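Two complexes, one shared chain (chain A), two partners (chain B, chain C).
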Partner chain A sequence: MKPRHGRAESLTIAASLALGALAWEVAGHSTSGAFWAPLSATLKNLWDITREGVLLRQCASSFQLYVSGLMLAIAVGAPLGVLLARVAWLRTALDPYIMMLYATPMVALVPFILSIMGFGFAPKVLVVFLFAVFPVIYNTVEGARSVRPELIEVAHAFRSREWQLWRDVMIPYTLPFTMTGIRQAIARGLVGMIVAEFFLSPSGLGQMIMMGSQNFDTAGMLSAILVIVVVGVGLMDLGRLLENRFAVWRGETR
Partner chain B sequence: MGVNHRIEVRGAGKSFGSLQVFRDLNLDVGEREVLAVIGPSGCGKTTLLRCMNGLVPLSEGEILVEGARMTAPREGVAMVFQHFGLFPWKTVQQNVAYGLKLAGAAASEIGEKVPYFINLVGLTGFEGYYPYQVSGGMQQRCGLARALAVGPRVMLMDEPFGAVDAQTREILQFELLRIWEARPTTMVFVTHAIDEAVLMGDRVLVLKGRPAVVHEIVTVDLPRPRSRATLSDPRFAELREHVWGTLMADARRAEFEITR
Partner chain C sequence: MTAVGTALAAGQPAAGNGTRPWYAAPLALQLAAGVVLLGAWEIGVRMLAPAYVARPSRVVVVFLRVLSDAQFLAAAAATLRAVLEGLLLSIMLGTVIGLAMGRVVAVERGLRYYVNSLFATPMVAILPLMSLWFGYDGDARLATVVFAALFSVVVNTCDGARAVPNDYLEVAHSFRARGWRTLLDVVLPASLPYLLAGVRLAAGRALVAAVVAEFFVSIPGLGYYILFNSRTFKHSEAFVAVIVLVAVGVGFDALINWITRRYLPWARRGG
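This part shows the complex of A and B:
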């Protein structure tokens, strides 16, 4: 694969990040500690909570929630997408609901979920799931419906049975589309995770941000945010890597 | 014409809704005979080929391949497509193995046949490439190897060189002639190129009209094996002119019919 940045670009990025860090530091020193903490204080706080094991514990809690919701979204979304692509009447019947739910900001549903499901782990997983599932369904349906009819004809000409047609044509063709959905789900699920940790029973990184904010512990809040930023960037890269891995052959359209 | 007819077409007709594509086609294709099918666009050449493969049902009449009525694709018949029809997520090797795998061939048989046919079509060294990484001509070589690998007794060629550039097309024509000499089969070769029809066919079936009917069947008495030298044979030029005249006699009118 081609490196994403040339030497000059890498230097520019490094300079830009250094400048950002400097601005953060300067802003932290020139404002009240209740509003903003310098980068150095944030990093020190990050080091402290790492050493005390707080960060690891909270990350593990968040991770458990995130992975549960995301896995559920993939496990439900991909087969449901394939089913919807295959069964036309079901697709027609469910399409308005999917469109409505896809278009609705999921945050709006959180109070409702809270009132019917309360404060357990399950409602939080449901929130992450709802944030993540629709791109998986949507992209899978699009993929499975766009299978090139010539390829299906080739399969028929070679006397493929229905299940072989699925194994050899439909699923390999659809997989990269599902991966695009999963990449989007990875990003949306992270939002869902924080939302669930804010508005349902507080836990994990979301709780760290909330507590930091309530206790005027700005450095504590910023450390949690910084961790989320790094994790978010890492997950986006992972998503893109997954997508590319499963779509080697999309080179034909690139 | 001997009694060994691989393909028999009896009163075949096909309509899509109220549009009748062809009607009352009657013809036989012998063992190891190459029948080239030519006609103006929209005359149903490709549809006829699909009917011969059992991919598309006839509206009237019947098509028998080796005595059996074609209602679905069957063993012994393989097709090469104008659009190549390669699976983009499979390598050249995996694409060639596709038909064999579906036919339930043992791994040892696949391991033996796939390299043989890859070599026969001149793709050795490109086994691990994906279709998008090789040229159109190489993609069709792969499509050809995939069809040959299942050991067909009947090959149905749907404008196989229609989507490649003129130079590649010529190379592939002579490659196909060479391969056919090595493994002669019954072949129906649909094309819209007159040169190609005469070069490939033992007979050229000219379809014409709306709905299309058998306008003429031209016997091509050029000796085999054919090669580049065939193109400079005066008889080749005569036959080409003859087919051209047959096909183009009222082509102007046909063109206006199409545009209207």
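This part shows the complex of A and C:
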């Protein structure tokens, strides 16, 4: 799948990136400063906020929110998913509701959270959590369907205890699917983080974008967006890495 | 009444089960779970939360009134229209770009980093930029929807165009099919399942984008309806809009599934 890195390829890629950078720079000089800032101005701004420590502080604040919400989502979602994998009647009962919540655009709940819980750290963590938790549950339950009943029967026939059944059958079988869910949760949680920072109490990278746009400091806004793009790409790669690491565990039932 | 056949809903062969009592049938279980969940919500809110917080009994009371309210219908129509227009634009643009990337090496190399990084970017982050460019009106919403939806169509179509089996292309070639005929008659149909998977992902993102854009630029729509009513403590009314959004999301998902099964029989699950 991955094409080999020939010289022509690296050249084309380098040319396209250079062209993009040039277009960014030219667009910045030929439009009003409120619309778009040149790449040079954006990079200078990025350098300034890095040196002043603003970037690090805001990133740390965003990171704290993101990781709290994501970890909570995994800590709640994965065990719940495996529990549903084991208890078939409960899974059957909750299946349609989990699917519905998985498909629900969670942003729609943000105004309720704001109105009920107000400003503060907890409601923001709740937003990230809500964005991230259902992909974890949904995919884990999806994995639960791949556990063949024969395996559980065999385990019972060999007189496995309940915890042995979990350790040797349930968890290894559902983990690859949970990882797919975590990959989705990593991406959705990032959206949730920015939504929370925009619409609840402003903080972190979201606040930097917001302030840039309100002060017509387009270079400031673009540098914050650039940071988010880089973080987004990095997190997506991390998610893929996690998923592929555990993909080999998948049974061949699918 | 036995429910042997319906046990398949859980994805397991019903063979070993013999007969089940009626109360263990999937539908009965699911209805019971629904009653329990709604009951817990109702009681929880009554005991712990202020009176204005949405709860099932109040939502039921206001449900029909909200659904027949002209203002609400206008808001729903505005949001759905923006989502559909944005999706159509994304599908048209995304198919062209995706096919080009999948079949022409130079295009793929030129666009790879841009498409991948924009695909990974949460579109919410560019909302302020969109409102600067397109003003505080519907155009900003449409632009955000397109931005959110486009790249998942591009990425998936590109994967699909690349996954076309070489045999197909060779057959087309030996029948002396021209380049564009091959593209339309072989590559496009073969990558349609991927394209639809991309559209499915795009639809969810588009819905989120439209709602967030309405929060941000305050234009009439379901998102703004929710924002406005929750600010004035009419949570139950606002919740009706959430139900409509969920119904739209689930309905669109079902529609894509149906289209794939009905019209694309060559699509095997995957991709």
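What we mean here is this: the second predicted complex is superposed on the first by the 217 of 254 C-alpha atoms of A that agree within 3 Å, B and C clash if a C-alpha of one lies under 4 Å from a C-alpha of the other, contacts with A are read in each partner's own complex, and residues count from 1 in each chain.
By our rule, contacts are C-beta pairs under 8 Å (C-beta built on N, C-alpha and C of every residue); 3 or more make two chains touch, one makes a residue touch a chain.
Everything quoted here is computed from the prediction, not taken from an experiment.
Residue contacts after overlaying the shared chain place A:Phe158 against chain B, while chain C stays out of touching range.
Of the two partner chains, chain C is the only one that A:Gly232 touches; chain B does not reach it.
Comparing chain C and chain B on the residues of chain A they touch gives the larger count to C. Touch criterion met: A:Thr104 reaches chain C, while chain B stays clear of it. Of the two partner chains placed around the shared chain by superposition, chain C is the only one that A:Ser213 touches, whereas chain B remains out of contact.
Residue ranges on chain B touching chain A, taken from their complex, read 53, 55, 72-75, 78-79, 81, 83, 85, 87-89, 98-99, 102-103, 130-133, 150. On chain C, the positions that touch chain A within their shared complex are 9-13, 16, 24, 26, 29-30, 32-34, 37, 49-50, 53-54, 105-106, 109-114, 116-129, 131-133, 204, 207-208, 211-212, 215-216, 222-223, 226-227, 230-231, 233, 235, 238-239, 241-242, 245-246, 249-250, 253. Those residues of chain A lying in contact with chain C across their complex are 3, 9, 12-13, 15-17, 20, 34-35, 88-89, 91-97, 99-100, 103-112, 114-116, 145, 149, 187, 190-191, 194-195, 198-199, 205-206, 209-210, 212-213, 218, 221-222, 224-225, 228-230, 232-233, 235-236.
Partner chain B is touched in their complex by these residues of chain A: 150-151, 153-154, 156-160, 164, 168-169, 172-173, 248-252.
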